[in-house]
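Sharing a structure with you now.
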Amino acid sequence: MHFASDNWAGAHPTIAESLAQHAGGFAAAYGSSELDKKVEQRFNELFEREVAVYFVGTGTASNSLALASVNRPGGVTLCHREAHVIEDECGAPEYFTGGARLHPVDGAHGRIDPANLRKELKRFNPAFIHAGQPMAVTFTQATEVGTLYSLDQIAELSSICKTHNLPLHMDGARFANALVSLDVSPAEMTWRQGVDIVSFGGTKNGCWCAEALVFMNPDRAKDLPFIRKRAAQLFSKTRFIAAQFDAYLQDDLWLDLARHSNKLAQKLAAHIDASSQVRLAWKPQANEVFAIMKQTTYDRLQKAGVIFYDWNPPHSEADKISEGEIFTRFVTSFANTEAEVDQFGALIA
Amino acid sequence: MHFASDNWAGAHPTIAESLAQHAGGFAAAYGSSELDKKVEQRFNELFEREVAVYFVGTGTASNSLALASVNRPGGVTLCHREAHVIEDECGAPEYFTGGARLHPVDGAHGRIDPANLRKELKRFNPAFIHAGQPMAVTFTQATEVGTLYSLDQIAELSSICKTHNLPLHMDGARFANALVSLDVSPAEMTWRQGVDIVSFGGTKNGCWCAEALVFMNPDRAKDLPFIRKRAAQLFSKTRFIAAQFDAYLQDDLWLDLARHSNKLAQKLAAHIDASSQVRLAWKPQANEVFAIMKQTTYDRLQKAGVIFYDWNPPHSEADKISEGEIFTRFVTSFANTEAEVDQFGALIA
Amino acid sequence: MHFASDNWAGAHPTIAESLAQHAGGFAAAYGSSELDKKVEQRFNELFEREVAVYFVGTGTASNSLALASVNRPGGVTLCHREAHVIEDECGAPEYFTGGARLHPVDGAHGRIDPANLRKELKRFNPAFIHAGQPMAVTFTQATEVGTLYSLDQIAELSSICKTHNLPLHMDGARFANALVSLDVSPAEMTWRQGVDIVSFGGTKNGCWCAEALVFMNPDRAKDLPFIRKRAAQLFSKTRFIAAQFDAYLQDDLWLDLARHSNKLAQKLAAHIDASSQVRLAWKPQANEVFAIMKQTTYDRLQKAGVIFYDWNPPHSEADKISEGEIFTRFVTSFANTEAEVDQFGALIA
Amino acid sequence: MHFASDNWAGAHPTIAESLAQHAGGFAAAYGSSELDKKVEQRFNELFEREVAVYFVGTGTASNSLALASVNRPGGVTLCHREAHVIEDECGAPEYFTGGARLHPVDGAHGRIDPANLRKELKRFNPAFIHAGQPMAVTFTQATEVGTLYSLDQIAELSSICKTHNLPLHMDGARFANALVSLDVSPAEMTWRQGVDIVSFGGTKNGCWCAEALVFMNPDRAKDLPFIRKRAAQLFSKTRFIAAQFDAYLQDDLWLDLARHSNKLAQKLAAHIDASSQVRLAWKPQANEVFAIMKQTTYDRLQKAGVIFYDWNPPHSEADKISEGEIFTRFVTSFANTEAEVDQFGALIA
């Protein structure tokens, strides 16, 4: 019963096979191979426009370089108070931007509250240089806590950004999970709502190590080759990333894998909802489920071989947890099975 | 006839197979899996001591984080004037150290001249803070120009470092090529000569993407987990690197691949030596061959399908190239064949 | 009626005179002059222990270098949500630390709430490297909103720091104003309560440009000469700072100036308290007074020649301001007079 | 006999007086005072065009922020091998640019050799991102070794920069000394020869602490307010710098002081030239004199109370110094007298 994280899974067999198949022969290094170009073209089709795509090795790199590409002196990026960029990347975004600040904005259930975003932006005044200058807004889709922004909610963030002339970045580490849950196209979930830059994640959804930084407007990305190389994220044998994406994006594999994960998360949530020993923190919308339980239950589950994490509760929810209760996270992936989930369900029934 | 670079090759079949084999099942993420631990243990055996090993994605990352780990305010790292760190990493070492300087030292045939190193170090004076403070010496083995440091030459660098209380870092992007050419053990080529930190490269010698940062003294590395994560080099599914190294280091595969590359380089050099149209810049000792030719020969070879690069000549050799001549680089890899090399030989005979 | 800021005043005549007096003759540059040494010795007496003192040019430099001196990879400094370091230094602390994060902690009236500090620190776990590692706590005395930490409140912050093995830094841009208001000694307000590093400000209290970074434990400061020089804060003719401090710290000038400013702030607050047109946001304890008024009053005061700023209200107080009301700041300095304050009082009576 | 450095002098009486005179009264902080604006206007007149002027506290800050303002990812600035930026600023330019590299170019007598500059620039190729991208050329006028670039030599550097589309920066720490020696106008020595950015130094020539960063094209400087503030170089009471420049630039005081220093340097050089115990390293053109002497002479002069430094010889001259000889530097300033110089002359006669 492996619910620790979607990155505890390995690579999907189809992706592993693609890698093996492309291992032979010579190909131009540093992103210039035929396969690299084919996959870049695939991204254009996916997003229904000409985009600029840069492969990198980790989601942290993808987010950090997205922000580095829109960096300004005294720059401030607004994000949710518990965004991955601010809580889980060990300061990489600040490091790669030479110290641009991440400014936390509160909001329930992992979503930036638009009213709070407006209020925080008001605190900056172009003439008051001491406060620095806003440089971007970044949000996570699906969010860090397994919820989603609806298309309208994305459009609202984007409309605020436009008022302040700020680019909008989407951390799409779980892009596919959000996409299939909303049942929309990549274009609809991104640039049609005003998203400018996307960290397009493949790793958590069945790849070994495949992340793409996608700029909806290629002009924004003209320094990216230097930004990526300077950040040690230009792989010499980039086709090893291209080969993963090639398989991932073919025949809707990526969407199928995400649908599987999401379905299991729904099933897992249903088990919890039906249980008297564990309660859902909120309704999951992607492949992460947050639940609250007593220490005794926690210990019993761990002993029974359920692998999951205790987790820092979001500030907005912290007072809903009583003394002695534990806030926990369960994540499902392409590699989990219904049987596993039902086995867990039986444990808490 | 692919002699552009050893990173134009893909992955060796044995390594590709290992990856495929480890794709299934769950494993702890972020470097804690059984396989990660097994490979770390393998490095201990390899170096005949307990070392600290950190997997990263690129050689540039490995070198940059090595220097970041010994960083000091106003820090200066001395390196060869045409070292990879200073000429080929787009400023990554300076970027990852927040601006520590690389101070170039001259030397013939890609090797730091110990007399020059001593002279340059003399220019720094602990009481004269304006000059900054030396923080490390880094050298490349095999060098950027396909030559080697003998054990004695390494020991001499190390002895200078000890006088100045500086750590000595080896950029071992082509560690295996150097090792088999010198016919010594990893311990002999490193810590027994006083090397403190090694960037141990696997990518150029048959892996997809496998680099290890090895600290001979684990105490030096205690901040590395944060240094690596902050640098976006902590992969979630690290076993994809571990699986490569596992196969690479088994049954002397890595040594066999390096021997093959080096042998082809020797053969290629022999062809050049015998040719009246191309001349060797110097005698190669690993898997890179540098040669000088006229434009007409250059064009003819390119047209015949020989893939190789023209290259910036080292400062120390620049005046040996006449007007109209072109300085070029040929690299052999595990994926090249004798036939390919002989085909090239026939072209220049 | 100049209440815009204490940095709209120039230099106190005694300080100007000291500068003029030391303008002649030769003296060793870069902090080695006799005068530099004399003033350093004066700081030892002031703090009743041997401290390490580094002159710098701005309060922002002082705070940023304090944090740079305790920097760690993935480092996080906890501070009040509206601390000067996070709101008013244009990202300098993040910039000078190469991206260490400032983590905001809520608290009423400009003071870090100890319970919140404990909670936020709990979110960090040495084994969970993704979150980074706490590296310091910094607080401002007097606070950004004109209040003070009592000795006990400082001791409580320090006790939390000790539990987590973190250095405690005091931003003392208005050190003197706090000191005379609490009526304690420098030692009592700092190291006797567990403060490790102090940004000791002179500029806002009558100097031109005189800030000192004071380390209670000189061992902590051994890299400071390089940290300061690399940050372009090592002045060649440092005696121009030393000469200011020499006069500032002589015959209690600094305390007299601070008492004067604080007294005028109390008077100004009394006028506001007595007014029906303006109300105090809270009781001032140093030389800054925050007040709330209607737009019409605001316009009338501006037109009458009162110079003051509208200000972003602290998050903790934002809901106490009604729609249409303006949050404002008045600052008094050594250069203000009672007459000026009373003239203002008459305007709002 | 104080010849250690021009920064061992204090402030010229006229400048000290100006400071004292402006100490009283209130004025807008952070560069917005009337006096700030008046001095900015004075710079426009001086340079015979509308320039953008930013006051900073040190020459190191001025140079570093000049480079930060033209920073690019993977950026490389070419400078003389012994330029102040690379040898004497403790890595500040690399630090403030987040790791942009300084690339040394050889040249005799402290001047960048244009042929070498062209050769080094050739090593960069826009398509070869590994090498990074040139971002600027910086040169020092007067040079670090007391020589000058003629107008034609400046124009040649600028012409090379234009070919490569690079801004040209002048480190003018001793701008006035160069200007009076060449007997040209500020416009002639800068933008009329194609210089884009000037670090205009006042400190070494009679100010306490007055440096100005001057952009010939104000459009280039639009981010400077944030760049300066983030770098902790925005002083609150900027009029203390403005007051110095106000006096410095009035009635040709700055030119008179520089003429005085230069004249004494010529006299000092003449004494050396006439001596059999000391020899000139080369002919001085500004206010720095470099000389070579035996240890016995060195000791005797030190004992006689002559204050001067031994110095690292430039690489280009290192082999002209015999074993046992000492390379030394003598600097004259506004505060030295003819008598002092003649007293020294008598000692070596």
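Per-chain residue numbering starts at 1, and chain names A, B, C and D are given in the order in which the chains are listed.
Following the convention adopted for this analysis, a residue touches a chain if its C-beta (ideal position, glycine included) is under 8 Å from a C-beta of that chain, and two chains touch if they have at least 3 such contacts.
For each chain, UniProt lists the protein as follows: A, B, C, D = L-threonine aldolase.
None of these values were measured; they are calculated from a predicted model.
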B-C or B-D - the one linked by more C-beta pairs in contact: B-D
Most distant chain from subunit B, judged by the mean position of its C-alpha atoms: C
Chain centre separation (subunit B, subunit C; CA means) in Å: 50
Centroid spacing, where centroids are CA-atom means, of subunit C and subunit D in whole angstrom: 34
Geometric centre distance via CA averages, subunit D-subunit B, whole Å: 40
For subunit B, residues that touch 2 or more chains besides their own: 73-74, 89-91, 95-96, 98-99, 129-130, 132, 226, 229-230, 234
Partner subunit D, residues of subunit B touching it in the complex: 73-76, 86-91, 94-102, 104, 119, 123, 129-132, 312, 318
Residue numbers on subunit D that touch subunit A, as the complex places them: 68, 72-74, 98-99, 129-130, 132-133, 223, 225-227, 229-230, 234
Complex contacts: residues of subunit D adjacent to subunit C: 2, 4-5, 7-13, 15-17, 19-20, 22-30, 56-61, 64, 89-92, 95-96, 203-204, 208-209, 226, 229-237, 239-240, 307, 335
